[in-house]
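Note that chain A is present in both complexes that follow, paired respectively with chain B and with chain C.
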Partner chain A sequence: MAAIADSDQGPETKGAMQEFTLRIRRFNPETGEAPYWDEHTIELEPHRSVLEGLLQAKGRFDGSIGIRCSCKAAICGSCGVRINGQPGLACHTHLDKAAASSQTGDGVIVVEPMGNMPVIKDLIVDMDAVHWKKIARVTPWLINKEPVPEREYVVDRESMVDVTQAMACIQCGACVSDCLSMEVDPSFIGPAALAKAYRFVGDPRDDQQFERLKDLAEDPAGIYDCTHCFKCIEACPKGVAPMNQIMRLRRRAGNDHGIVDRNNGARHESAFGTLVKQGGLLHEAELLPRSYGGDSWFGKFAPPAGLELIDSLPVITRALLRRKVTPKAALFPHKLAKADLQNVQRIFEAIEEKEDRHELNLYITGYDEEPAAGGEHSQAAPEQGQPGIEPEDSPTR
Partner chain B sequence: MPAHDVLIIGAGLAGQRAALAAAEAGATVAILSKVHPVRSHSVAAAGGINAAINPADDWRSHAYDTVKGSDFLGDQDAIEVMCSEAPEEVLHLEHIGVTFHRNETGHLDLRAFGGASMKRTAYVADITGQAILHVLYEQLMKHHETVDRYEEWFVTSLVQSEDGTCIGAVARDIRTGTMENFTAKNVILASGGAGQCFKPTTNGLICTGDGIAQAYRIGAPLMDMEMIQYHPTTLVENGFLITEGARGEGAHLLNAAGERFMEKYAPNKMELASRDVVSRAEQTEINEGRGVGVNGEGIYLDITVVPKKRVHEALREIVNIGKDFAGVDITAEPIMIRPGQHYIMGGVKTDIWGRVPGVEGLYAAGEVACVSVHGGNRLGANSLLDTLIFGRRAGEDAAKRAAGMTMPEVPDSRLNEDVAEIDSIIAREKTGRRISEIKDELGTELNQHVAVFREEEGLQQSREVVKRLKEEAKTAYIDDRGTVFNQDVLGAIELGYMLDCAECIVEAAIERKESRGAQFRTDYPERNDEEWLKHIDLTLNGDGPTVSYSEVTFTQWQPEERKY
Partner chain C sequence: MKVAYWPGCVSRGFTPELHGSMAQVAPLLDIELVELDRACCTGAGVIAEHNQELADALNARTFALAQQVEGAELMMNICSTCQGAQTECQERLDANAEYRAHVNTHLEPEGLSYEKGLTNKNFLWLLVEEIGLDALRARVKRPLTNLKVGPFYGCYIVRPMDRLGIDDELPRDTYLALVIEALGGTVIEYAGSHKCCGFPIITMNKEASLKQAGRHLGDALDADADCVVTPCPLCHLNLDLQQPLAERAAGRSLGMPVLHLPQLVGLALGLEPKELGMDKHVVKPTQVIDWTTSVVAGVGAGNDGW
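Let's look at the complex of A and B:
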């Protein structure tokens, strides 16, 4: 609830008080009026959070400002909002940083409700209508492997550390807020729910991993409905990296379980990999027929590919007319210098010769782990200061 | 009008566990919470959950550590129940999906924790509470046909029949403002602690002592209310919690001279002495001028002695907290901490089945309750255990009690009074003080005089301040006149709950003229078993609490000098 706000914030320990202006998008469903902007100037140390700023505005000036919040420490997941257009937790964004990223030209911090979900009041959105409904879609509970042991399931040590990344999700909805796929296709199961799904698929105690993967691969709104825009990875305050979890679901479905889905998702990924491996760069015109017809040169002659080509003719024509593609580029693959091509192919070899697929996980690797002794293949650590952003191996391999 | 065998108020670990247990026992169940269940403050419990799972361990050892941790104020029958049932409960959690971290052989890994004589804390990195809470919510979603969820409903009163039996609650749908009577054969309070009475606190803004005050107002006894835990490691910056798991993994506490000062206070357990001992040691160092930081008000917690890889794997949350909220890379440099309000050992008095003596039909479990398993001081990683064990037991017992009963009839009188009360708050003239000012003054006052060290004069001042604030709260005004998500009006009600809790906390602290566990009186610095080896009970009488005493239950362990 967090109904009572704080009007000041404990002892000053870091930096002097500064004034910040918050421009809050307000909406009151009871007045029948359209949303409007409400500005308050608050005074806090710059390292305090936007949430503390909002609470000061609420405590000192206007108790009717609606925002869910409780822990103030990025654990409870209540205060998901958009700050200067970016989704995140209000408690997890410092005032000075928010003022610096302001788009208004005069440092005003703009706070709006999250997207992709209906607004109930002010900064409060209806998470039940979208987020929780999608969570419920992925059968969000463990389906036990039988027999259930008398004591604990004995499982690989790393497996539990591994699913911790998905478990770290606090259900704040920041990833849902700005999911581009969901904006286009509201039925998309979405980043949070699919990350939740990985929590079970990656859990060795779950009995239905194949069934879960099959279900999520075959659903047109499932794992292949994601377009790798990285928005959810950027949005996530907890380093869950939902898109990475979706890609891991794909690798498990396509590579490990050999699930070839009716959405042509698995074939599309396989064709993508093959084309890049062969030519060093993607040959776009070859991608679509192979995705539908099968991952070889003959793919384009398979009936499904023909049908899809005919279906896509208007798009192709428009693309040609607008010079997005030229007939030459469509018919002949991009040329890469021989040395470059060899370099690309060496990357494929290096990855393919490994016995185990190397999955990056912050709970295992940390941010700045020293390189393992003698391990020339050890993965480069993600750049410091970018929690949750991990270099993926090609998302479509 | 909703009617259920068991109505559970609060959906943190205790509430969700109670709901699942009651439903499994065949009862019709409603679980109602003022926030979405996964926002409950159990989510913030970081370090882990204690259980004597290791075959080389024994629950009696766990129980003894708990008794000693409680400074012999804990009731030993309840402690025996909790510790002996702990391994089974942790295995149950494992079976329903909690992703407890494993050791090299694939079995549950256990970490060291304060006041424990061996490693017995099962954990999920440093998000153990979150992991368990989310897994229980998975189970609630699974059992949606047998458990009705009322998410974002706010309880304004418990309802009693003419003979005082608890037969339901009045609650407000926060989203629509609709007020409703909830009829129930049994009510289980599981609505958490009252940390917001203090400022700063590690507790969330939702921890406003609602259940403690609601029970108190209908005549339930409160017990051990003076026992307020100050956690040894909260950020100087803003009071955020740094898990005890850090010290469990080997981190050191250092004063301004760079000394591991715990040597002086607890030579055997060092940083892993019980929390009251460590917090007092830190506060003593700070008070005697050996603190760190600009005003010397902090202590260094040095996590750099823990291997980096281990920190990333097992303490990642505090890596983030250090980075995001204090600008410190805890793997490279020490971080400034100090003792901060964290937990209330006291609460609504219950027996070992969660039953509240004197109020038929009412149960309490978790931080809202006082069984009392924590006595004068709770051990780290015993709170999650407390919520789950006694949440389950309350759920089971309530289901059993419901089986032979008919559904009570709830009159509308209470509902009508609460509707009128809310209307009157909304209609108040803007002549009094703001709610937020009163709350701030309360928090600052209690944190000054009802903290790690206490003495008569300061406590008397707090008593006067609370009395005045109670008066001022009657005319405090709000801004929001609406019905949809009117958080403002709920804030006014929460303030009332907090003031009732604060009044009882101060009263009990004044009453106990000795030093035991978290209650350290500089004017009575010794433990006095002869006069004070007893619980202080408070019941509402007119406008304030009346004091009485109850015996501490002993089974196997007699009081002895407490040394770490």
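Let's look at the complex of A and C:
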């Protein structure tokens, strides 16, 4: 394969071949033996992919290396692996870049199977056991509104733009691999499936958005089980930003459908906003009881808040004993000066009373200006995902 | 250097020792802190989850206030979560002039306006990029010799990398290790250093939240750390304040002291542990401090005075 590709390129365009060492994590559960590391030095042009490197190692040195792949063009999502500890597509990672990001000190490229899923063999993980089960969990199809139109559905262009980011998913499992909530709570529905859920919740043709949201909000392993760690955003080779889709699900569940879930998710969000609006700064001592008991001063007297208080007694007692938290600080919150607080409250009221939320999705709009020269805040080129529609044409503006 | 200083809410609430220790350390590094006492909570991502425009407007107000501080070179944070939440808003505001103008209409009645391009750095970034590791090293009075420190970054300050400006030139996801080394300590590598402390879901899934905290502290313990250090007060809440419950969730005893970044720096710069509020932690930092002599010590130090 590599030989054919090489001969396609003329001698002028052909880059110099270079040696790269791949350290591959090998494991075959059927043998009953422990996993081990296998090293192969391959020779390819630096811009070739890690997948091509793996295939060369397989072809030249050891045909038993297990790797799943198909399109070699970052479209099919088959070759998800961890390269130097980071999840991604083997076909979408250049050898030179992988060598540069090596953590071994000698430029060795470490390739491992993805995490959070059982290994079938070497770099092949069992997507059925985790990823696809979770996808199936979110009813991944459109539930038609009745009556079904005779011809096509006609929807606003804007409304579909909102779900294009979720639709860019190629089901590679990179986000699932590194989800930190799933690491401690394997029942978590997870980033890929929840992004898929938003693809239908955000689709105006779907008939059961409320039911979907209610289901995902009430599930203890649902939308409120995401710990906001950004791992999935970092992992995704397609710019889907699953965590952002989870936040959209929360916004729709709490704001648009008024779903108050059993996991304290909506109450927590509501209490946070209320407390900041009341004082300008967060009054932490009040946030916890309100999240459990309800978003009002009386929340702390509700039974769930009491139960939580009892559960947390060892912590509260020690915090008070160590004078980390004083009773005064717990009872009397820090607040902004009156004039500033009024301005903060004015902003809250002006924005919250609007019927439509004003949102800017950079995945759709892209960046309309170059970052300030010399500025520290280095703007991302919209490298992830699509380059973005020209701002002038952007439907969200 | 003069900085517009945003301490955040938690550093003045449940982790007062963070704000206090920063105030002690700043003069030793010639940092003049001009506190943004008119600014409001960043929303910690929760307000943005509820309403993006609201979070952007509240933070644009903070940025505008920072830009009004005369002579300030930049804005500085001591909270990773604030840093992440603010940077997310700033990314949108800086990316799109029309959106920025729209958000600025909310600030107009106060006579405020955010101009694109504010530099906003966490204390950790400022230490490495503005003060410099050599200058920091030169100011060390009490090197943290033999102290084995596990860095705990938290999420908001290391991900997403492109938004936070992390690349080969600015490897900000390695700065804690660089600072620990500059202060004379030993860096402990362990699995959880860049993972989530679990705090954001403490009210939603307490078990999973505490398991995260417990697992990472356990990993640090197994890697032989004397303590961990974090630039995020919310991580500190889950790792220190909640540690008794994290022990329960992890099914093992931990007893791992957790230091705020300014505390670690302050110790090396010669400040006394009590000046840095180290007596306020839930887990006594006895592995870090020999309280009989008030000097930094390794494992096995006495805990007199407690």
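By our rule, the second predicted complex is superposed on the first by the 293 of 397 C-alpha atoms of A that agree within 3 Å, B and C clash if a C-alpha of one lies under 4 Å from a C-alpha of the other, contacts with A are read in each partner's own complex, and residues count from 1 in each chain.
Keep in mind that, in the parts below, a contact is a pair of C-beta atoms (placed from the backbone, for glycine too) under 8 Å apart; a residue touches a chain by one contact, two chains touch by 3 or more.
None of these values were measured; they are calculated from a predicted model.
Student: Contact-wise, after the overlay, does A:229 reach chain B, chain C, both or neither (first, second, both, neither)?
Tutor: Second partner only, chain C.
Student: Report for A:76: first if it touches chain B alone, second if chain C alone, otherwise both or neither.
Tutor: In the superposition, A:76 touches chain B alone.
Student: Between chain B (first) and chain C (second), which does A:254 come into contact with in this model arrangement: first, second, both, or neither?
Tutor: second
Student: Touching A:62 in the superposition: chain B (first), chain C (second), both, neither?
Tutor: Touch partner of A:62: chain B, not chain C.
Student: Is A:19 contacted by the first partner chain B, the second partner chain C, both or neither?
Tutor: Touch status of A:19: no partner.
Student: With the two complexes superposed on chain A, say which partner A:43 touches: chain B (first), chain C (second), both, or neither.
Tutor: neither
Student: Counting only touches as set out at the top, which of chain B and chain C does A:264 meet: first, second, both, neither?
Tutor: A:264 contacts chain C only, not chain B.
Student: Using the superposition on chain A described above, determine whether A:343 touches chain B (first), chain C (second), both, or neither.
Tutor: Only chain C; A:343 stays clear of chain B.
Student: Once the two structures are superposed, pull the chain A residues common to the chain B and chain C interfaces.
Tutor: 362, 365-369
Student: What does chain A use to touch chain C in their complex?
Tutor: These residues of chain A touch chain C: 100, 180-181, 183-185, 188, 220, 224-231, 233-234, 247, 250-251, 254-255, 263-265, 268-270, 272-273, 276, 280-285, 287-288, 291-292, 311-312, 314-315, 318-319, 322-325, 329, 333-334, 336-337, 340, 343-344, 346-348, 350-352, 357-360, 362, 365-369, 371-372, 375-381, 383-384, 391, 397.
Student: What part of chain C is in contact with chain A in the complex they form?
Tutor: 9-10, 12-17, 37-41, 43-54, 57-58, 61, 74, 84, 87, 90-92, 94-99, 102, 106-107, 109-110, 116-121, 129, 155-156, 159-163, 165, 167-168, 170, 195-196, 198, 200-201, 203-209, 211-212, 215, 241-242, 244-245, 279-282
Student: If you look only at chain A, which of its residues touch chain B in the complex?
Tutor: Residue positions touching the partner: 1-11, 13-14, 28-30, 47-48, 58-60, 62-64, 66, 68-78, 92, 120-122, 124, 127-128, 135-136, 140-142, 144, 148, 151-157, 159-161, 163-164, 167-171, 199, 203, 205, 238-239, 362-370, 387.
Student: Any idea which chain B residues touch chain A in the complex?
Tutor: 34-36, 38-41, 43-44, 91, 94-97, 99-109, 124-125, 127, 130-131, 134-135, 138-139, 141-142, 151, 154, 174-175, 196, 199-200, 204-206, 208, 236-241, 293-295, 297, 308-309, 311-313, 316-317, 320-321, 324-325, 327, 434-437, 439-440, 478-492, 494-495
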